[in-house]
Amino acid sequence: MGDENLHSEMRNVELRLGPVPRKYLGPIVDAVVASYRGAEIDGEDAAPFPSRREVTQILAEVLELLLPGRPGDHEVVGGDLLEQEVHRRVSRLFESLSRQIALSFRHGCMKAGQPCLECDKLGQEKALALLGRIPRLRTVLLGDVRAAFDTDPAARSLEEVVLSYPGLVAIAVYRMAHELWLLDVPFVPRMMTEHAHGTTGIDIHPGALIGSNFFIDHGTGVVIGETTEIGDNVTIYQGVTLGGYRFRRLEDGSLERGYKRHPTVGDNVVIYAGATILGGDTVIGARSVIGGSVWLTHTVPADAVVTIEEPDLKYKVGY
Amino acid sequence: MGDENLHSEMRNVELRLGPVPRKYLGPIVDAVVASYRGAEIDGEDAAPFPSRREVTQILAEVLELLLPGRPGDHEVVGGDLLEQEVHRRVSRLFESLSRQIALSFRHGCMKAGQPCLECDKLGQEKALALLGRIPRLRTVLLGDVRAAFDTDPAARSLEEVVLSYPGLVAIAVYRMAHELWLLDVPFVPRMMTEHAHGTTGIDIHPGALIGSNFFIDHGTGVVIGETTEIGDNVTIYQGVTLGGYRFRRLEDGSLERGYKRHPTVGDNVVIYAGATILGGDTVIGARSVIGGSVWLTHTVPADAVVTIEEPDLKYKVGY
Amino acid sequence: MGDENLHSEMRNVELRLGPVPRKYLGPIVDAVVASYRGAEIDGEDAAPFPSRREVTQILAEVLELLLPGRPGDHEVVGGDLLEQEVHRRVSRLFESLSRQIALSFRHGCMKAGQPCLECDKLGQEKALALLGRIPRLRTVLLGDVRAAFDTDPAARSLEEVVLSYPGLVAIAVYRMAHELWLLDVPFVPRMMTEHAHGTTGIDIHPGALIGSNFFIDHGTGVVIGETTEIGDNVTIYQGVTLGGYRFRRLEDGSLERGYKRHPTVGDNVVIYAGATILGGDTVIGARSVIGGSVWLTHTVPADAVVTIEEPDLKYKVGY
């Protein structure tokens, strides 16, 4: 309603280009408000979600703890000043992480809408646990940086990898989101990896299991599904999908959720651009090489090289 | 000119690292200014465009009206306060939308460079029309949210879809840009969908026609062209192209524009990752399933399953 | 350490939700600080990098000089006011560019950590050289804008290309980064193209050589490697890779770097979506057309049309 009336009224009436009368906006406001009342999601009485802006800010600050050179332009801080600066950052992160994690628990809590002491405690506990894992994550990430340098002939230095490789960002964000996933924090891990997906084109589900020294080159279009398992020293190029294949449905027709739907990739495997590997029973054996554009829904043994028969091409010269 | 002289002078002269003398920057300024004078586009006398920053801000605010939970961290507002808040948001959006739409008309107006009352009226009329459609768009979007939950085994809740699914953002932005497209607003619809393309990797032209309950999973690399038509309950995965095929040219060699160049997809179709479907005469019949990496330039009947013969693979083990 | 203790203590102790005692955060801070001491990269004594935020800001400002209409919403400024405005922008860019380039040299400089006069001089020299090339870059970019309009039937005007085509942004950023690459500036060129990669999904290495009137449509997933050479009037669609093939290794097993690893593409070539062309000896002859999804590791003569034999499809109707 409204829409058509407003239109014709607008066309027939000489519209004074001053402040628009309440009568034009009023019906729109009423209709928007009505659409919130009793809605299945995002209704008027919905509990607050974690804040996207805050989660993005947290990502930036954890990344800065993990790779302090990446934002650049810092003065070198040594000795006690370094300690003070790290303390300042860790304290601030503790506050913001605790709050966002508490919000993510509170959303599903019976007391939604009211501050819940249990949720706040969970927020603090999980935030502390994540922060406590940062030194170990830092060690793991330096392995990822070195893997990039050792694998990409275009890399000029470890520093260049830190400063400009999107694969490193996607992996760093995944590694921190995965810790929150292991801590059973709702919403926030997926918000983190989807933010990285947006900035890098690399979509890693926080539930995936990924070993050390992981390298993704270029990366746009990479998809790594929730139940994927990846060993150590694996390299993946742009457009690779490690995905599901033929989802199971329950007797009522709804999707079965939570079973292993995505492949397992062994140590020291290389998967070239655009390869698609699907299915929860599919295993890529250690040290295998999967060529560009290969499409696989079955297991490959260790030490295999799998490439496509180049499809026949049609040539026409001097058309 | 300039460039080489400056270089050698810089090298020969002991450069005092104080303020750089006007003489170095002056010739550069003159050359840049000269390049604006009489230029075919972006010349000195070019009319103002809509503002990219404002259009981005408008997108964020409309998204917040459509899916109020998505930005997160809100206090729940009920009753009259909700109405006041919505009124505040709708009024602000009306102002900014009116202005950007007016600018987009003014760019092509004969009186470019001068305020034009007709353009300002059009800006207000079209802005009101878009705002009036928000309640209906909200209903359509909730269908898209439910479609994502019903199709993706990794989705844990409707709320997770609202908070973190990039496909939902791309679809929401497309749906609002499409309304402006139907209202014949220049520039702004494409600026909106290209912004979403940048943040999601999903490129939907605002001219496409897309039915209800649409789901795009992962989404990076999806391209949906201007004259594509998509029915209800369709699901598309990452890397799918619904594109043009062999563009027509006019007798003078220039491109023919505006005819149907992109496919038609029936109700309840699923198109898996990396499939490419091309051409304005290509129709995918209702309830068909198009497998991953399929390449199609011809019509497929209803109820079909089309998959690639897995290309022959070459295996070498223990290389 | 720490992590487990903290956990059990948190669970056993009634946690007062006031300020968290120093004793919980202290061990985390100490462990993070320890992880910086003596680290191979990003260690405590690391020299400052260029600032990612500043480089992003510089990109925006150079883009605004190159395509002044793109940000939109400007009042038209004519005559002396235009000159003053350009002078203001060029001066500000000179300051920020000089500083970031100086930082990028200083990082590898013996006197890292201390201001180095040589690095500052290099910063000013290279910044001036880049700014001096802006008028020529502007001419080249207007050719790219026209190429987009002439090639894409969905383009309604040159202005629409300037306002909303991501390919144009990726190309503009590449062209400016390539100038810095030719000036032997470390870090900054790659930071620039990776920023554009993030916002457009188009990954062009600053070392590539690309001729005039270049058009990339849609673009998500495009990869153009460091030693690629592309002639004039070339068009590329989404998902095209111009990449390396079988990297060489030195006798010690490490990668050989710097030799030509990526293809050469002649004038007036068109490469459709998802084509993959690999290898430093691979040459695509002038005026050739490479079809969608073609996979090529060998040379193609001039005036050729190369398409895939459409792979056999399996049909099942009425499943």
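By letter and in written order, the chains are A, B and C; residue numbering begins at 1 in each of them.
In this section, a contact is a pair of C-beta atoms (placed from the backbone, for glycine too) under 8 Å apart; a residue touches a chain by one contact, two chains touch by 3 or more.
Only a predicted model underlies this, so the values are computations on that prediction, with no experimental measurement involved.
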When subunit A meets its copy subunit B, do both sides use mostly the same residue numbers (more than half shared) or mostly different ones?
different
For subunit A superposed on subunit C via Cα atoms, how large is the rotation, as a multiple of 5°?
120
Distance between the CA centroids of subunit A and subunit B (whole Å) is 21
Where subunit A touches two or more other chains simultaneously, the residues are 201, 220-221, 239, 274, 293, 308, 311
Help me check something: in the complex, which residues belonging to subunit A touch subunit B?
2-3, 6-7, 10-11, 15, 17, 20, 24-36, 39-42, 44-55, 103, 107, 113, 186-187, 190-191, 194, 197-198, 201, 203, 205, 207, 220-221, 223, 225-226, 239, 241, 243-244, 247, 254-258, 261, 274, 276, 278, 293-297, 300-309, 311
Residue set of subunit A touching subunit C in the complex reads 65, 67-76, 78, 82-83, 86-87, 90-91, 94, 117, 120-121, 124-125, 128-129, 131-135, 138-139, 142, 145, 150-156, 158-160, 162-166, 199-201, 218, 220-221, 238-239, 273-274, 292-293, 308, 310-319
